[in-house]
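Each of the two complexes below includes chain A, the first together with chain B, the second together with chain C.
And now, the complex of A and B:
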């Protein structure tokens, strides 16, 4: 009775109801775009028509797939390494107040490092293969996740802390059963930010120096003024970032279905 | 027989913004085993502070508290004390069953034993149909019932209740009062109940203790000898009206005197 859903529509109808405004926007934008280059004289080298981009993708799928795969692997590996390291560091800093006080200003500095500024140095250290891109992606993932997770570990309600005290909970029980669950919404918010940042990091690092990847593909296409290829590559990188975002969202829905932010989105 | 709670000359002073705030001054109270005692008073009179001292959430600046003849910290370790907060304070990531299981889990009770105990307690608070629900999906009254089930599940000797029904509407509050009377009748616990509702205090208690603020202290005590089980009809008895009137006088008299004294 309390759980009665406000949306009583059948499932496909409900999905369609949620999706059609976005589809309409896509149709209008692509239509305008198509008209601009085919009827209104927009030069191809500035903005090629959507069908030309699609044609490029269909005719030369190999380089898109091969370079897309490289970027995907770099971003995923960097993301995973960054998250694991961040969670470990957050737990260490959380249990050691002195170290946390000493480190937190530098974490904020780290969060604000402009990626292009650090990428050349990382490439000098780790070479221009995939390793340097993984490191850059890991750096960009690490800082938001460590900062938000630390914040989340302190987010338990004052009254909940009292409750655990009255229930005579040990320190480790407090961590496992109160503070870690309370930190999960913060952790997922950070993952959302980091998932987009890791793809960005890999692509930008590839711009600087690389022999494969979406960034590399865009750069070489730009040298030959192959704008359809540039846009096809942009679409692939956006696809990778969206895939990341989707994975994080699904994980969030599975792991913290109780949280208001998840419920609001359903 | 040792009393459930003995507070002697209890004083608590808080530092606040350079000044000092005396939350409690020379507070004396004895609660016997299986007694239901209400503390009633205006906000700032230190009612909650008394409970927090008994539950070892704060240390008194002066005087002492004993729970079953031992210091609060040891009583908490022995899990002799249950606490119901003003808000239900349920963990939002646990469903009703898992919230009620929490104290058992923290005490290391094996799951095979904990599960039937938690389920029995949930049945007692009438929420069997809601075991799988998350707190967000429950009404305020139901949430508070889960919180009470959680405080009862360890079978504590003493339950401290801090205005548990203050956030509920009048009708739900009456319901909860009736229900709490039943629970109290079925168990052998001692309850120390904080409220600012006189009617609620008289209906539930064996003894009503009226407090005043600045500094927090006891101004008057009433024994309620109306027979149990208590019913709503008893609110029309002479005894009820007499205690209510005297308690109001003590309460508002104390409030006015405090103002004049300032």
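And now, the complex of A and C:
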């Protein structure tokens, strides 16, 4: 009982211990920023004061929430579609070496696609609504996930592969019980990259053509010189990306707590 | 195996979240003709409407108020059309949207029509909206620039890909070569104007001008100079309704409906301050993040641009004057936007415009 209450006390302390450096950085940066805006004459069009941005967010929460929701839906849907497709393709390529050799250079090219170049074409192909933004987010999710997952599927320990072979494990058993679990750290590393990329993709696609979403909000705010709104929208977009990243990280901790990368972060 | 199931569960949860949002968001994308249906046409006979997509020149804003008025007042519906208004944007290639049949009509300026035709997309103008494109330069008086001739060696912001033609042509007409001026790509904001990164920046009559005025910079206060191509005798038409030649041949009734409805929409919009406000509100219904007051100003400026030049002389809106279109072609060529002179006569046709009922083309402004 004494032990339990001690643990309960120590948990918030541990959280505080982990969080306070980030909070300190935030306080210092916002303090400098506030001073630059109010005391050192930094003009609004370069960076509006933090309190102006907060005021915009408080006065127009509906606009930020409505557009943030659109971006969240586009990014999450694109992310989910991209990940599912990437895992499927990785499994196919992994079991078909010839196809993997043929496709590998193009996957690397795909990883480096400039989003601003493909987004207008995707809008032509998939229309003006959310679908085209979802497709752009899915494309930017697909390539890192397929490349890392494919790499992960080959990352199983040689000795374990030999053991499976000695024990006459079937191909499916080897895949499900050894190679897929071994690929998970790579898979999650890719998900973390893709989670931020999918939000960015949706925002950029909205910037090109949309009438809703964070990218649209930033464009129209810039067009009417409403800089506090631009930065409030940027904050919402960053919040969505952080939320996304956090979900992936929590999932990773639950699913592969045994892995060194998770352990180190803990 | 349980890990695999867990990964699947995470993805399913994400998909579910996405699915939750999917339904609610479809209404927040392109503005459809439904508001018109609910507003004005409950009494209309159940006729088969042709679905057409109409691409706007920019994101939804007061520049397009006449089209929204036509939609909400049921004018397109009366023409047998179910019009989907498709917002434009910085990198929306309307010509490609027409060529791929993703949309059937679009708003271009004549230079955009010429450049699409030069690329092999046979876009043809069928009706005018703005008689003047409303693009000009704003320069702070501290730059000592008083005319286009003073731009030599100066940094001038332009919207590349169409917005530069009229301004560059005005500089050329003032005795400069295009290369005499340092033309810089301008963002879709006036930031570089405010922070003096540019000596002059491009502006539209309906948006940037008022953004700058709002910051206390305007000619009446003596701190800003405005240079308009019209100062040197250049009158370039702006927003014009266009379609593909094939659409015009196969569905002239659609083209007629779009031009009739749009001109009628603008006529209705410009006819009274109340209507201009209502039209601005229609715009806001489709794009609620906009500022109503600024949109009303935009609508006022658009009505002014529609009633200028040839429209003022003829008393009719929607006209496409050969001389103005020729000036656009010359400007696009001078600016290097076109490699070869455009065939102006084939880039627009008056047939649809001539068949618009005279009642729809009068304007009270």
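Points to keep in mind about this one:
By definition in this document, the second predicted complex is superposed on the first by the 257 of 266 C-alpha atoms of A that agree within 3 Å, B and C clash if a C-alpha of one lies under 4 Å from a C-alpha of the other, contacts with A are read in each partner's own complex, and residues count from 1 in each chain.
By our rule, contacts are C-beta pairs under 8 Å (C-beta built on N, C-alpha and C of every residue); 3 or more make two chains touch, one makes a residue touch a chain.
Only a predicted model underlies this, so the values are computations on that prediction, with no experimental measurement involved.
Once chain A of one complex is fitted onto chain A of the other, the partner contacts of A:251 are limited to chain C, with no touch recorded for chain B. Look at A:173: by the touch rule set out above, it reaches chain B but stays clear of chain C. Shared-chain residue A:45: touches chain C; no touch with chain B.
By the document's definition of touching, neither partner reaches A:112: not chain B, not chain C.
Contact with neither chain B nor chain C is seen for A:10 once the two complexes are overlaid on the shared chain.
In the superposition on chain A, A:157 contacts chain B only, with no contact to chain C.
Here chain B and chain C are compared by how many residues of chain A each touches, and C touches more. Contacts of A:124 after superposition on the shared chain: chain C is touched, whereas chain B is not. Put simply, chain A uses residues 177, 181, 184, 256 to touch chain B in one complex and chain C in the other. Interface of chain C with chain A (complex): residues 1, 3-4, 6-7, 10-11, 14-15, 17-22, 25-26, 28-31, 59-61, 86-93, 96-97, 100, 102, 187-191, 194-195, 207, 211, 214-215, 286-291, 294. On the chain A side of its complex with chain B, the touching residues are 2-3, 157, 159-160, 162-170, 173, 177-178, 181, 184, 256, 258-260, 263. Chain contact summary for the complex, chain B toward chain A: residues 55-57, 76-77, 79, 81-83, 85, 87, 89, 91-94, 102-103, 105-107, 133-134, 136-139. Per the touch definition, chain A reaches chain C in the complex via residues 43, 45-46, 63, 66-67, 69-70, 72-73, 76-77, 79-80, 83-84, 116, 119-120, 123-125, 127-130, 176-177, 180-181, 184, 187, 207-212, 216-217, 219-220, 222-225, 247, 251, 254-256.
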